[in-house]
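Step one of this worksheet: look at the structure below.
Order as written gives the chain letters A, B, C and D; numbering starts at 1 within each chain.
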């Protein structure tokens, strides 16, 4: 046998390994790079910072991954976060629990609305949620009278700064939600339906799957997760800042999902990949700041890393 | 029960209006005769105000409020004050100004989104012989011909003063991090330049990091959290607006540091929240950037119509807050 | 007879419905203009209308490229940054003469488009993510060129470039004419050339297009290059109009471009669309903005709510019309 | 065209298209294993083999879609390496792929001429010339329609004819057809054969893939048999007995096949009296007019008709996937909620659709997930799916239907066409339906599998299932159905029972009324 026949399967195996585990590898590489070249990187406090900062993006990206799994996209997540933030001061008097419930309701309602537009009216996801992206933040500002509000409720603020057994609450929430999302996708009928809808919608319809319910449900989940991220970020900030909270979050979340190996064409959801996608982008971000790169270079480097990560994880055609 | 939350700004603009720092109208200023514009009475004329960004931060809220408040005080009927908001979109601001002119505005007050790029709008005003007063941000066009005058702060000077304040509170030694404003914004450019120029005079202070926080509290906080990790020996922070400064304070507190003591914090703006932090002891100084241009703007227009010469720019005096005066003056903050 | 129990829709009714569906946005535009004309006395002034045309032209040029990309089933998020970059390069280049001022941005922006196209066509990465990366890249490049945004290049006074942005023919701005010419050419390219047919085929069924032997990769590369170049050209026009290469331009412009293309009836999934529809979409967007200004009393926060709601209403109307036509 | 004297001389002897030693591997399978064969000038060469034997893969290698791992392709004696389909096309090899590969949203004319549109002197596309040429060309294929309408408004068969017209009109030297007749009805098949005769006369070579034995013997000169990616026979077709050909394809003894027969429908079933499924007066748009069909338990009802006569729509309407203006569907006497597919399914109706690519398989998912998809609610508790229950079901059906896949976890899109069809059948059987609506269930299935499917239909009917069988193969309907409903123009032309179910009767019912316009029913779009 010629050498070509020997190396070919090997190369195929390497590329398929990279495709599946590329994002984990990238995280490891970046960690090693930082350990070697970044001062004061190896400290518990630093890892804690990275995890806490990655948590909101991660939470939003989980919802985004589900939506993308159905061949959709949710551009409204940032605005939903801002609506959630705007609602916080209005209900904080009744306690943090009420705030969370109210924000969740708002997130779910907004998700139901997107889902309705997509599933019932057949409007394309990107445009349905674009309308919410534009209008939602305006609505949040109307609710908040355009004002940033300083928060003082200790219990609420603890959501952003507190620990449970040494693990920051935000990280804990993100971890639990990730596990739940993983279970949802792999182990529930809803999850399997979701991928089928994304894989071939007419086929899913004709297989008698509750396509509309799945779509609406997915957007509702995405809305709810965005609302949770909004509440947590608000708690961390110590203020309700509907004008700025969650700006461009949709792009960060989509990047995390895609870098994590879920194709934008739907039909496949990689939950752990998404989590690592969020971590990867967080590490990139941190690395750039810690090396004090100017904004111009930072943006170009980020662009290059996104392309490289997606290039490695892309679906290849067999030829 | 205790108060759970506090609004960021008193929108009643209770602080002092901006006042001019420059000398009295000089003879070589711009006069109505030089421009050949028609004479009007600002109190009965139609006045147009073009705001650049959403009224969603204390500065913009106070600024718009001050214009409206002054108009009301002068007895200008509500339908004679036309307002638009460019929503941070330069092209929109141009069309906004053109549509103000189209709707009959005879005097214009413009808060430019950017120093460059408003030329077409200014040209349109010129063609209609409408005087334009720009506030808070200077445009790079020609005063008197393209626009009447600029009223606002000197951002470079604000940077100087911030550096001086920082030198004072740190005792002239330490490592400084700068939280920059949005890239490409000339406010960022000027406040950075002024700060660095002045800081160079204090050799004990070195800038170890400068990263953008995009004038945003949460971004300022995130960046600061990173910097605390990679520069544990940081002793001072200069934030180019209060919001990022407050974010930095949050980050320092979460990291178990003592802002105002271990790490000195200085910023520019003069918002209520930041000044309150000085009072509370976790902030060191705030250089004011006064947004209350209403009185001065209308006054200037009045003087112009009265035939008095108007200088090409009217730089206002900005206050500053530090440990010594914050408690008394916190009521002035917006 | 069974067949006659269900009365077929009258010929004229059916034709009207077809027009409505195909030109849903145009109908909304006509109604909107008529309403604005009635409600606001100043709306119909020649000045205002000329302004509307001029202001529409920059976005229109960007949206033209986006139309091609979207018909092919792709998307180009980089146009906003590329647009700003084009403006900066034009202003910078103006000191070396008109040719440089125009060619430099077109070449650089075209190159960014070309790279987009190459990555999309050759590596099978999703257009969304590739152009998202180049959105970052172009903005970073712009910041690098302008000393982190601290330098704003002015178009040389007296440069012939200024005429492109500020010149007037019969009182109407030069960019308006240029836009119309580009749309004319765009229409020809789309409807009357093999390239245009390939674009439709790609968007309708990429796999089939490949198996039918169409030059899929080449078409994609051309498309994205075209989109980048047009965004760059819009930047040139804007720089000429504003007399400077403004660095803060173009943030979120990609979303504006996408929404006007979709409002204009182009399918985001690809395979169908017209350049004329896009023009209508741009005019609709300008109209709503102008109406908000004419009303004048709307809180700035409500303005975005109204814009979002408007986008939604147009898309829903279109959708419902399309549906009613089918059944 | 390269028509120099010596080139011609060379091609007289050398085959037009030749592959030697071609191997193509996919992860987990060797689709082609050292395959060699030659296509000679002017011949119609049959390529046959079981599902998954490698026919489509070989074609894709020939036409530049796949690159072979080993081996060589020669065209006109010269070694060639087609990197893309367009290379093959330029070299004069044009292909009709197994699945219709056209652009649905574009006009019929555009589809015919895509990539080689007639142009005016200015270089712009000459639409009027193009439409005129397309109209003329297509009428030669029995398609008289407004060529400006979008392709997707044509019925599948008509689309296939468009693809054929496109392929043949490129003036190719070689035309490759991968199961061209699988969505054609008899009359169109005749048209196709006329085209083949024309190609033959013009000395054009044809590589022809089909599972229909009759066709092969009607039109093909020689044959190559593939089994498990290997060539097991190559030579002239006519002298080869049919049974021997089948035996080579299946790799089974001739004796065994003799015993089992080629179609595997058994005896007539004893239908009980009460109808299980009763669809009455279904009307929808101008596709269906007052169609009534009923199926009793244990009965196989055939639905016959021309392409576009509304058979698929009837089946779709029953499960609620086709919007109805009127009519009722009763299952076991209980009315079904209109337009709710999930309700119909829960009640026990299953629809196997005819277009497996567009609305059948979920390409990204594994064979396992495709099989259990519709049955998921039954295989889960409180919304959580049980893996072990799934595996049991999947194993059962993969064995029972002899689904050829490297493992249940293989992506379904990597299976051959026929195996995909079996996966879909498994999907529905796994739901344990009471009534099965089978729309072209044996399309693209090899003879062996076809017999299995037919036997299965039989067996299911024995077990008390009601089956509605739609097929374009008259033989299948005649053999398999106890009762035949013939549709014409969206309404019931006649219903034949018992001895009345004969080829003549069915054909008479189909043909009555004369012309069958392909576009009759969709002129409003």
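Brief remarks follow.
The rule is simple: a residue touches a chain if its C-beta (ideal position, glycine included) is under 8 Å from a C-beta of that chain, and two chains touch if they have at least 3 such contacts.
Everything numeric here is computed off the predicted structure, so don't read it as measured data.
Here the two chains linked by the largest count of contacting C-beta pairs are A-C. Note on chain placement: the centre of subunit B and the centre of subunit C lie 35 Å apart, centres being C-alpha means. Computed from the mean C-alpha positions, the centre of subunit C lies at a distance of 43 Å from the centre of subunit D.
Looking at subunit C, residues 142-143, 148-149, 299-301, 303-304 sit in touch with two or more other chains.
Multi-chain contact residues of subunit B (touching two or more other chains) are listed as 54-56, 183.
Along subunit D, residues 65 each make contact with two or more other chains. A list of each chain pair in contact follows: A-B, A-C, A-D, B-C, C-D. Residues 2-3, 6, 14, 188, 191-194, 196-198, 200-201, 203-205, 207-215, 271-272, 326-327 of subunit C are the ones touching subunit D in the complex. Touching subunit B in their complex are the following residues of subunit A: 38-41, 43, 45-46, 49, 52-53, 89, 92-93, 141, 146-153, 161, 233, 236-245, 247, 286, 289-290, 292, 295-296.
Across the complex, subunit A is touched by residues 25-27, 65-67, 69-70, 319, 321, 341-342, 344-346, 351, 353, 358-365, 369, 373-374, 376-377, 380, 383-385, 427 of subunit D. Those residues of subunit D that touch subunit C in the shared complex are 65, 84-86, 88-90, 95, 97, 101-106, 110, 114-115, 117, 119, 123-125, 127, 166, 283, 285-286, 289-290, 323, 325, 524-525. Subunit B makes touch with subunit C in their complex at residues 51, 54-56, 82-85, 87-92, 94-96, 98-100, 102-104, 113-120, 123, 140, 182-186, 188-189, 192-193.
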